[in-house]
Structure formats: C-alpha cells, structure tokens
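In what comes next, chain A is part of two complexes: it sits with chain B in the first one and with chain C in the second one.
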Partner chain A sequence: MLLDVKNLTVGYRTDDRQFRIAVDGVSLALDKGETLGIAGESGCGKTTLARALMAYTRPGSKIVGGNVFLDGTDILALPDRQKHAIRGSRIAMVPQNPLSSLTFHMRVGAQIDEIVCRHEGLSRRQAQEKSVALLAATGMPEPDAIYRRYPHELSGGQRQRVVIAAALACRPGILVLDEPTTALDKTTELRVLELVSQLREQFDTALVYISHDLNVIARVCDRICVMRDGRVIEAGDTRKTFASPVHGYTRRLLDAIPRVNASGPVRPLRADSGEAPILEVTNLKYRYPATGLGIPFSPKKPGTLAVQDLSFSINRGRTLGLVGESGSGKSTVASVISGIIPPGSGKIAFDGVPLNRAAPERPADLRRRIQMVFQDPLSSLNPRLSIGRILMRPLRVFFAMGHEEARQEAARLLERMDMRAELLDRFPRQLSGGQQQRVALARAFAARPDLIICDEVTSALDVSVQASVLDLLLSMQAESGVSCLFISHDLGVIKRVADDVIVLQSGEVRDAGPTSDVFTAPSHPYTQLLLEATRNVFDVRPAASDEAALAVQ
Partner chain B sequence: MFAAIARRISLSFLILILVSLFVFLATEVLPGDALDVSLTDDDLAVLTPEQLAEMRAELGLDRPAAVRYLSWLSGALVGDFGNTIITRAPVADIIMGPLRNSILLALATTAVAIPVAHFIGILAAYWRDRAPDTIVSTSAIVGYSIPEFVSGNALILIFAIWLPIFPATIVLYTDGPILEMLAVSILPVATIVIGSIAYLSRLLRLGLVEALVSDYVERARLAGVSEWRVVFTHAVPASLVPTLNAAALYVAGLLSGIVVVEKVFAYPGLGLELINAVLKREVPVVQATVFLGAVGVLLMNLLADLSIIALDPRVRRSAGRG
Partner chain C sequence: MLKKSGKRILRSPVTMIGIAVLTAHMAIAALAPWLTPYGSSELAGMPFEPPSREFWLGTDILGRDYLTRLLMGGRITISVALCGVFIAIVAGAFFGLAAAWHGGMIDEVIMRLVDTKVAIPSILLVGVLIPGFGQSVPVLILVIALVYVSGVIRTVRALALTIAPQGFVTAAVLRGESNLSIMCREFLPNVLDLLCVEFAIRMSSAILLVSSLSFLGLGISPPTPDWGLMVSEGVGYIHTDPWLVIYPSIALSTLVVALNLTTEGVANALGLDAARGMTKG
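Then we have the complex of A and B:
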C-alpha cells in the first residue's frame, strides 16, 4: 500500500480556547497510481485532512492521533527534518487558490527552481532546465517566457499550471489536490482537469483529489470518500456510489446538484404574458474608463471594450439567465442596469423609462424598483448594522414605515426566508454564508422591486445551501411576480432558474433564446464547450426532480 | 516601469513646488515684511523711513510678492536661499554645516534602527504570541510611548552624569570633523532610535505576521522549501511592501523628533538652527530650513515608493494605480 491512513484525528484550538476535532478518526488507503476523491461541504475537515496527509498542520491545529503510513513508514513519527524532505518530493500538494498561492514578488521559474534545488540538489542551471521542461509539460506555449514571468502576469489557469508543475517537480508518488479548480472558470477547469489526468499517467502519480464539486470528482476519481463533520461517512467506487448512494447525506448532496442535461425543463415555463417587456436593452456598449500614466498632461490609453452591441429584453415575471466566464462582461451589464457605473452608449428602457443615469441621480422610486443581490453577501451587508437594521432600511426609506412597523415587516421577511426572527439582532458575521445570502435576498425583496438582478448569488455557497437559496428565490419570484436578471457561470444553476438565456463571451452574445432550446441545441461552438465543461459525467441515474418532470409529461 | 518611476518623481516635484509656495505664503501673511519682523522696536526707533526704504530695496523687499517668490524659488532650487537680514551672510553658507550634521544624525539613526527593527520584528512575528513576541511587543509599546525629551534627558542623566561616559551636551562647532561628530552623537542617536525601533519593529511584525499566514507561504512550506528560505525570500520581502509607506511617513515624522533631540543635546544641526532662527526672527533662514525639511520628507517618501516599485512587480506594470 502506497499510502495507508489509520484513525487519523486532527484538532484545533478555537478563538475561545476550546479544543475541537476537525478530522475524526479517518482511515483510508491509496495504492500506486490510484485516484481517490474526498468530497464534502465547507467545514467538513477535508482541507485539514489533506494537509495532515503530508504531516502538516496549520498553526493552532494539531494531529492528536492515528498514523499516516507512506510506503510503510509512519511519517507522523518522523523528525521535522525528514518531514520537510518528504513534502514536495514524495507527496506534493496543489493548494486551493492558484491566484494567491504563488509568491507575488518572485518570478514563477524561481519558485519551481527552489523546490528541485532543495530536493534533488541540482545546480541553478540544471534546475532552470528542469523547470522549463516542467512548464512545457503542463502544455503552456513558450515555457521559457513563462519561466521569467511574475505571477500577476499570468492568468488564473496559467498560474494553476505553474503550481501543478511545481508540485510535480520531483515526481512525487502522491499528488494531493485541494479544490484546485474552484477559483477557475468552467472551461479553464475542464482544461486543467484534462491536464491533471494526462500528467497523472505521464508521471505515474497517485491522486488524492479534494473537492466540494461531486461532478469534478466523478470526472477524475476511481474511488470516493464522502466526508461530513470530520468523518468519512461513505466510501467506495465512484460510479457505484453515485448510482446508488447508501448514506442519506450523499444522496442529498447528489440531488442538490443542478443538472444541465436533465431531460425537459426542471420547472414549468412561465407563460409569456404578452405585455411589453420590463427591461429592453438595445445596442448597449460599455468601455472601461481610459487609463493614463498618471503623469500630468501625459496621453491616455482608451479603456477596453467590456460590452459590445448587446441587445436583449426581459419579459414581465420571467427570468433571463446571463451566462459567461470571468471577463465576459456579464457583471458590467448588471452594473450598468443597476446604475452602479454610469451608462455606456446604447439604449436601456426600464418599463418604458430610459435608464440613462447612474443610480445616485435616479429618482427614488426607480431605485426601489431595481434591486441587486451580489455574489459575496458578507461584503455587501454592512458589518456594523444588525440584520434587523439592514432589513428595515429599505422599508423606512422607500415606504416611510415607522420603527415598529418596519421591524415587524423585517421579521416577516426573515421568516419568509426560512429564518428565525431572533436573528434580527444578530450581525452579518455571526450568520452562515447561506443565511447571509438569504438576508441579502430579503433586503432586495423588501423594496418590492419589479426587477431583481442576481450577480452570481450562489457561487460562494455549498451545493446543498445553493439549492435551498435557489428554491427560495424561485418561490419568492412566483409569489411577487418580479422579473429577474440572473447572472451565473454555472449552466446547471441557469437551467434551474432561467426561462431565457444569453451566452456572453468577450462582451459579445454567442447564443440566445429560451433556456431549453439553447441547452438542447446550442448553435455556437462556445456554448457547446461550456455545456461540455459542465456536463454531469455520472448522470446515469435521473435525479428525483427529473423523474417528477418526466412523470408530468 | 520607467513610467511608474517618472510618475513618482514628477509628482514629488509638483508637491515640492506647492510646499515652497506654502512656506513662502506662511511668512508672507504675517503682518509686516521680513525686515519688520527681524528688526526690534529699538531698531525701528533709530532708523529713519529713508533708511528703512533703502534696506528694503537692498533686500529686494520692495518688489511685488509674486516676483519675490519666483526669484526665491528659482534660487532655492539651485541651493541659493538669499542672504540673512541681519548679517547679510548667504543663508546657504549658514545652513550648510547644520544640514550636514542633521543628515549625519539621520543616517546614523537609520543605520542602527533599520537592522535592529528588522531583527526584532522578524523575531516577534515568527514566534507570534509566544514569549519573544510578548516581550518585544510590550517593550515596544513602552519605548514608543516615551517622548524624546524624556528619554533624552534620562539618557543624559544615566550615561553622562551618573556614569560619565558620554558628553551631556555637544560643544563641537557646526563644522567639526565628521568622525568627531559621530563620536559625540551616540546619545542623540540612541534617543531617537529607541522610539524608532519600537515603532518600526511593530510595523514589520504586523506585515510579516500577515505574510506568514498567506497561501503562498503555505504552498512553499508544503513543497518542502526550507523554513529559512520561506521566511527570508518569500515572506520578508512581501511584508516590506505594506510596511514601507508607513515607515516613510514615520521617518518623516522623526524630523520633529530630531529638532527636539538637537535642542536637548545642543547638537549643532538643522533643527537647532531652525529654533535659533525663529528666536532671531531670521525669516530667510526659517524659510530655507523648512524648505529643506520638506525636501527631506519628500525624499523619504520617494525612496519608499521606489523601493516598493523594486520589491513589487505588480506596481511596475500598473503605473496608473495609486
């Protein structure tokens, strides 16, 4: 057995000086060349486990029991010096966030060099040759040029390739990947996953792949462990586990995944009311402000075009999904409509009224009628206001409610969002991510808007939480008849909420139409690529909701 | 990269012009002109209006303010600050010696403070919340809280009076030899250094603590990179970037501390010269010293900006960012 973990237990000291267990008696085994997926939601202990596999803990954490046998030696019992020698050479880690995992003031080449110099005692010249070869192996054109770049000069996908090259530098027997693609776009993720599979064979490395994304694990791993609260609750062959999960939690996780290639619309299509659309955008163009050198009187460079000639409309009570990867211009569209940034050229008509001014110059009632919900709820909720004050604000500003009335209404909104009214006196930081996002949604609905703009509202949430937030949004929408512009990079999510969809790439529309048409018969190759990147590879078993949909038909 | 440097330098220059305007205006808005300010009531009683007008013409004070400002500025930029009012000696000659001494004091302080502050800051950050950190952090707060006139006098009491090792006051002339100046400036340097080390090491500790828990440091550690390399090639340079600007502001603020210390030890520097010039109402000397002080502050900030450009490749490319 290459890696044999027995009863591994890791604890950490909390801020209030208590000792909590993060990984609770985990046992697992990995043979040469195998791929093992560790799945679980945030806080289940999977990242702590990944580090403990390398006999590493963060400051404040401690391995309190168990063994990690690497080729028969318990590495937990080794002296520090030998632990250092194993890390990076026999077992290597690809950490979570490629954007922050490279030292910003060092050239990327130097950051691979230092690893091979350390473990293989190569000279600087030999190290450089080896590093360039590694960069080439990750499929990057012009590895010589990449070698000399700084991290910020590379894209997210390129940086992740550099980190992978650094991890594979000494041909480790085991590669631990901790959510390696979570910070990346879907199409980039697909390419990185292909690379990982290819390098795994080329370097004959066993993989431990940690992710909250069951889709990705299904794509990469032969075997899977599902973790919850620090324990492995289910383990086995990936296909079998996905086809017939034993544990209820695993089943719930699988059901929560929004599916792209489920047959038929997941929910009944809302009929087109035949009225004039609530929002009509014609030939919208937006260019980023010009940037200069900052030297007085020096010439300025014109800004790049973020959105080119975009036209679309949203009908009353319907949801338009806006799909695209980072840099596609989708958030710019949201910002222009909500008035966060001044309008570009082109026409935007909201219920017949032109939206040609930024939000501060719009009449109060127009501001009320368009509400926006952001990706990161924690940074969009004022940390110094209680939940009650946050929710009462739009009520008092837009409807001139008194304190008592507003508080009652805020409590009602909170309960409508399946949250207890006691939370009114809490502060945003004291709530979970899902609760925070519900508060953000409640705040938007408090204004009784006609159009709600959701910008990646579920991207920061776990799948099970995401599912409940989406359900809430759909039922609130059905109740209030609000129209919605729903922005996401996740086609599964779009499929679930949107009646119509627009696919955006580099500021231009690639595909548009009713969601079911675009998803079943994509006309543009880019849409096909996106669909391929999100396709659920394990979808041998129709999800419960699909069965229901089929039964209706 | 050149654009970023050119931008910083051109900005500094603009600020310098603004500062000079401010210095000039500050002395201009006082009632009366430089001559009125520097003459005592006795002088005024003796001098006839004709003599006064003659002196004014001689000093160029009869010209309009704008003209005087421009001629003063064009002189100041090449190191000519005009003549004093009372002795008619060139201001530049008077402040040359004190300027050298103050620069000497500043350099000696920096040469001690920067390495020691780094050493202490790194120690405290690496053993965060453990014994070295607790000791360092506590004494830093104490050291930082003591004003220079207290610590200076305390040092004199201990090392010049109880243990007569160093001179209590400096009796050297303004243009004493450099080595002798250095020898007598140990106590003044020590006085300034106490506060600086306390403050700078706290600043460095904070930056380094942040860098040590970053993702890139963890990645390097998980790749088996030696702890020495992790700290000194990855974390420390990264921690300097946020620290430098604050440090530059602090060192600029030290100028006022230097004035106090020079007064306490009678050290013949620019600060002492400034105090004497204010007492003697020697307006051109005050203008010149304040102007040079501003140049010092700007140079420190420029140095910090340029060091950040050297340390952080992200700043080099994005010249447009602040």
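Then we have the complex of A and C:
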C-alpha cells in the first residue's frame, strides 16, 4: 500500500478557544497509480484532510490522532526536517487558487527551479532545463517563453499548469489536488483535467483529487470518498457509487446537481404572452473607457471591446439565460442594463422606455423596476447593517414606507424566502451562504421589480444550497411574473431556470434560441464544447468524447 | 462578540493596567478643581519649599503648590488634543471617503495636498503657523487637527477603496441613493472601528505634541498649569530641584503609555488590524 491513512483526526482551536474536530477518524488507502476522489461541500474538512496527508496543518490546527503511512513509514511521527523532505518530493500538492499559490514577484520558471534545486540538488542550469521540460510536458506551446514570464502574465489555465508542473517536478508518488479547477472556466477545466489524467499515466503518480464537483471527480477518479462534517460517510468505486449511492446524503448531493443532459423533468415552458417584450436590446456595443490617471493631458490606453453587436429580447415573465466564460462580456451586459455603467452604442428599450443613462440619472420608478442580484452574497450585503435595515432600505426608498410598515414588510419577505423573521436583527456574517443569497434575493424582490438581473447568483454556493436557491427564485418568479436575465457559466443551472438562452464568447453571440433547442442541437462548435465540458459524466460515461471535444477547440 | 472581547480584555493584565491608569488620569483631570486645596496660580507659600504637610510636593519657583499644579496640569493638554484630534478625524473621514468614492480629479487633488503636507515636517509646520496666527488655544487646536488630518485621510481612503467595489455599494448606487447617503449608510459603518482606533492612536501622539509645544513656548501660555510648561519652567533648576521636572514628566508619560496600552489591548480584543500599524502620519 502506497498511502495508508488510519483513523486520522485533526482539530483546530476556534476564536472562543474551544477545540473543534475538522477531520474525524478518517481512514483511507491508496495504491500505486490509483486515483481517489474526495468529495464534499464547503466546511466538510476535505482541505484539512488534504494537508494532513502531507503531515501539515494550518496554524491553529493540530493533528490529534491517527497515522499516515507512506510506503509503510508513519510520516506523522517523523521529525520536522524529514517531513519537509517528503513534501514536494514524494507527495506533492496542487492548491486551489493558482494565483495565490505562485509568488507574484518571481518568474514562474524560477519557482519551479526552486523545488528541483531543493529536493534534487541540481545546479541552476540543470534545474532550468528540467523546468522547461516540465512546462513542455504540461502541454504549453512555448515552454521557454512561459519559463520567463511572471504569474500575472499567464491566464488562469496556464497558471494552474505551472503549478501542476511544479508539483510534478520531483516525480512524487502521490499528487494531492485540492479543487485545482474550481477557479477555472469549464472548457479550461476540461483541458486541465485531461492533462492531469495524461500526466498521471506518464509520471505513474497516484492521485488524491479533492473537489466539491462530483462531475469532475467522476471524470478523473476510480474511487471516491464522500465526506460530511469531517467523516467519510461513503466510499467505493466511483461508477458504482454514482449509480447506486448508499448514503442518503450522497444521493441528495447527486440529485442537487443541475443536469444539462438530464432526461429528467425539464421546466415547463412559460407561455409566450404575445405582448411586447419587456426588454429589447438591439446592436449593443460596449467598449471599456480608456484608462489613464484622470489627469488632463496624461496618456491614455484605449479600452477593450467587451460586447460586440449584441441583440436580444426578453419576453414578459420569461427568463433569458446568458452563458459564457469569464471575459465573454456577460457581466458587462448586466452592468449596462442595470445601469452600473453608462451604456455604449446601440439601443436598449425597457418596456418601451430607452435605457440610455446610468442608474443615478434614471427616473426612480425605472430604477425600482430593474433589480440586480450579485454573485457574492456576502459582499453584496453591508456587514455592518442588520438584515432588517438592509431589507427595509429599498422599501423606504421606493415606497416611502414608515419604519414600522417597512419592518413588517421585511419580515414578510424573509418568511417568503423560507427564513425566520427573527433573522431581521442578525448581521450578514451570522448567516450561512445560502441564507445570505436569499436575503439578497429578498432585497431585490422588495422593490417589486419587472426585471431581475441575476449575475452568477449561485456560483458561490454549494450544490445542495444552490438547488434550493434556484427553486426559490423560480417560485418567486411564478408568483410575481417578473422577467429575469440570468447570467451563469454553468449550463446545468441555465437549463434549470432559463426559457431562452444566448451563448456569448468574446463579446459575440455564438448561439441563441429556446433553451431546449440550443441544448439538444447546438449549432455552434463553441456551444458543443461548452456542453461537452459540463456534461454530467456519471449519467452517461462514453470514453472517447473528451478527445472529440478537444479536437473541436 | 462584545462579550467575548470583554473577556479577552479582562484576561490581559497589561490592558487592564492601561485602562486603570487611564481612568485615574481622566478622573483627576475632570475632578481636579475640587481635589486641590489651593488655586492653581495662588502664591500659597515661599518659592522652592520642600514637601511638607501643607504642600505635599512642595512649591515651585513662585511659591505655588506643586501638587495643585500637577493635578491641574493635564486638563488643558488633554482638552486641546481631544478637540484637535476630533476635528482631524471628522475632516479626515470626510475627505478620505470623498477621495475614494469620487476618484478622478477630486482624489488627485486631495491626495496631492496630503502628500504635500506629509512632506513638511510637523514641527516646522507648527513653528510657522502658530507664530503666524497668534498663540491661542483655538489656533493650537486647528494646528493639531491639520497635523493629524493627513494620516487619517490616507488610512480612511485606503479602507474605503476596498469597500467601494463591493456589491452593497453598487446596490445602493442602483437604488439611486445620494452620495451623502451612500457615505453615511454604506461606508461610514464600515470605517467606524478604524476611526476609533485612529482616534486613540492620534490622541497619544497629540498629547505629546501639545506638551512639546508648551515646552518650546509655542503651546499653552503661563500662568496656566500645564505639564509641558512645568517641565520647561523647572528645567533651569534641574540640578537643585529635579522634582520640578520629574513629576510632570511622570504624569505625561504614564498618561501616554496608558493610552497606548488601552488602545492596543482593546483593538486587539475587538480583532481590529488597525492597532498593529501604530504609526505617525
């Protein structure tokens, strides 16, 4: 057995000096060349477990029990110096955020050199040769050029490749990947996963793959452990587990995942009322303003074109899904319509009224009728104001309600969002992520809007929470008849909520039409690639289609 | 949260000492007129009398009771520093938020003025302004405010810049809230703890500055009792009567140290990072 974890228990000290257990008696085993997925929602202890596998814990936490046998030696019992020697050479880790795991003032090549020099004692020149070879192995086109770049000069996918190259530098027997693709776009994710599988074979490395995304685990791993509250509640062969989960929690997790290729129930299409559309956008173009210091006569850099010639309309009571990866211009569209930024050229008509000014200059009633919900629920709620004050503000601004009236209305809204009215006196930080996003939704619905813009509202949430927030949004929509512009990079989510869909890439429309049509018969190769990347692997698992998708790109 | 912080303060003996000494200083400053047996300018005895039952700490060069002057000596310094720093905090918060929120030209103008001010040594600024505008308490307060406002503007602006891109600010803009309302409702509650820490940090520095100015003859004028002034009056007799210098120095340093300990302890207990960068600006 290559890696044998017995009864591993890790705890940490909380702010109020209590000791809590984050990983509770976990046992697992990994053989040479095997791939093990560890799945679970945020806070279940999977990252803590990953670190403990390298005999490391975050400051403040402590391994309190158990053993980690690497090739038969308990590495937890080794002196610190030997632990250091093992990390990076025999067991290596790829952390979640590639930008924060690379030092920004050093060329990426030098950062790989460091590892090689430390563990293998190579000279500078030998190290450089080896690093370039590693970068080439990760499939980067010009490894010499990449070697000399700084992290900020690379894209997210390239950064993650560099980190993977660094992790593989000493040919470790085990590679621990902690959510390596969570910060990446779906198509980039697909390519990185492909790379990981390929390098695993090439380097003969065993993988421990940690993710909240069961889909990704299904793609990469032979075996899976599902964690909850620090314990492994289900473990076994990936395909078998997904086909017939034993534990109720696993089943719930699987059910909560929005399906792109589900044969299951698709949302009944809302009838087209035949009225004029609520929002009509024709030939929208948006170029970011030139950047400069804002001083007269100082040099300026021309802004980039974020949206090119976009036309669409949203009918009353219907939901338009806007899909695209980061940088596709989808958030810019949201910002222009909501009035965060002044419009570029083109025409936007909201219920016949042209939207040609930014929000502060729009009439108050227009501001009320278009509401926006943001991606990060925590940052969209003022941390120093109580939930009550947050919800009462739009009621007071738009409907001139008195304090008492507004408070009652706020309580009613909270209850409508399946939350208790006592939460009115709490502060955002005291709520869970899902509750925070419900409050943000409640704030938007407080204005009784005609159009609601949701910008990646579920991206920051766990799958199970995401499902409940989406259900809530759908039921609120059915009740109030509000139209919705729903922006997401997740096609599964879009499939669940949107009647119509537009696929954006680099500011241009690639595909458009009713959701069911676009998803069943995508006309543009980019849409096909996106669909391929989000395909739920555990529903159908054809072997060769990944390469087919890559060939399209 | 507050309960937890309270417990943390109680557990830290250093902070508790700071709070105790600070409280004693404040009580003495507030109650001094009722505690002292003599008037602060009353020539109660002969010059340089040694400590006696009548004059516990002896008398000064003019025969005034030294204990009386010592107890009264903190009042004016503390009040001047308090008013000056308060103005600096209010103005600093306003300009700092304005610079961060408006950006562009307003930001440039405010920040370049701040840079200019920082480039001039404080003591030089004070040395020019006070003789120029006349040596009086209101001028002294305004000068203190001017010395400290630049640091406050910088720290407030830096924090406000991290608040500005957050969703709740955007939401307020989309509601069509006025700039004033956005500043008061969205920004101010989030910079309030920073302002409190700034206030305490600047306070101890301002007390020292007022005392130094009095010592140099630019601050409080005689015959008002004031520690800095008392040190400067006593310094000529340091070989024969060192107590004239030592007592007011002890009073001043205990006050400043107590203030710093309290600030740091309380800020740490509340989990505010601001306390870690105790800097002058």
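Convention: the second predicted complex is superposed on the first by the 530 of 553 C-alpha atoms of A that agree within 3 Å, B and C clash if a C-alpha of one lies under 4 Å from a C-alpha of the other, contacts with A are read in each partner's own complex, and residues count from 1 in each chain.
The rule we apply is simple: contacts are C-beta pairs under 8 Å (C-beta built on N, C-alpha and C of every residue); 3 or more make two chains touch, one makes a residue touch a chain.
What you see is a predicted model; the values in this text were computed from it and never measured.
Novice: Using the superposition on chain A described above, determine whether A:N382 touches chain B (first), chain C (second), both, or neither.
Specialist: The answer is second: A:N382 touches chain C but not chain B.
Novice: Which partner does A:V163 contact after superposing on A: first (chain B), second (chain C), both, neither?
Specialist: It touches chain B, and chain C stays clear.
Novice: With both complexes superposed on chain A, which partner does A:P394 reach: first (chain B), second (chain C), both or neither?
Specialist: After superposition on chain A, A:P394 lies in contact with chain C alone.
Novice: Answer with first, second, both or neither: which of chain B and chain C does A:Q528 touch in the superposed model?
Specialist: Neither partner.
Novice: So, A:R362: does it touch chain B (first), chain C (second), both, or neither?
Specialist: second
Novice: If you stack the two complexes on chain A, which partner ends up touching A:M372: first (chain B), second (chain C), both, or neither?
Specialist: second
Novice: Between chain B and chain C, which residues of chain A are contacted by each of them?
Specialist: 293-295
Novice: So in the complex, the part of chain C that touches chain A is made up of which residues?
Specialist: 4, 103-105, 107-108, 166-168, 170-171, 173-177, 185-186, 189-190, 192
Novice: Considering only the defined contacts, which chain B positions touch chain A in the complex?
Specialist: Touching chain A from chain B are residues 3, 6-7, 10-11, 14, 128, 213-227, 229, 233-234, 237-238, 241, 311-314, 317, 319-320.
Novice: Inside the complex, what are the residues of chain A that reach chain B?
Specialist: The contact residues of chain A facing chain B are 51, 54, 56, 58-59, 84-89, 92-93, 95-97, 100-106, 111, 114-115, 118-119, 150, 152-153, 163, 166-167, 169, 291-296.
Novice: Enumerate the contact residues on chain A facing chain C in the complex.
Specialist: Within the complex, chain A contacts chain C at residues 15-16, 293-295, 338-340, 359-360, 362, 364, 367, 370-372, 374-376, 379-385, 390, 393-394, 397-398, 440, 443.
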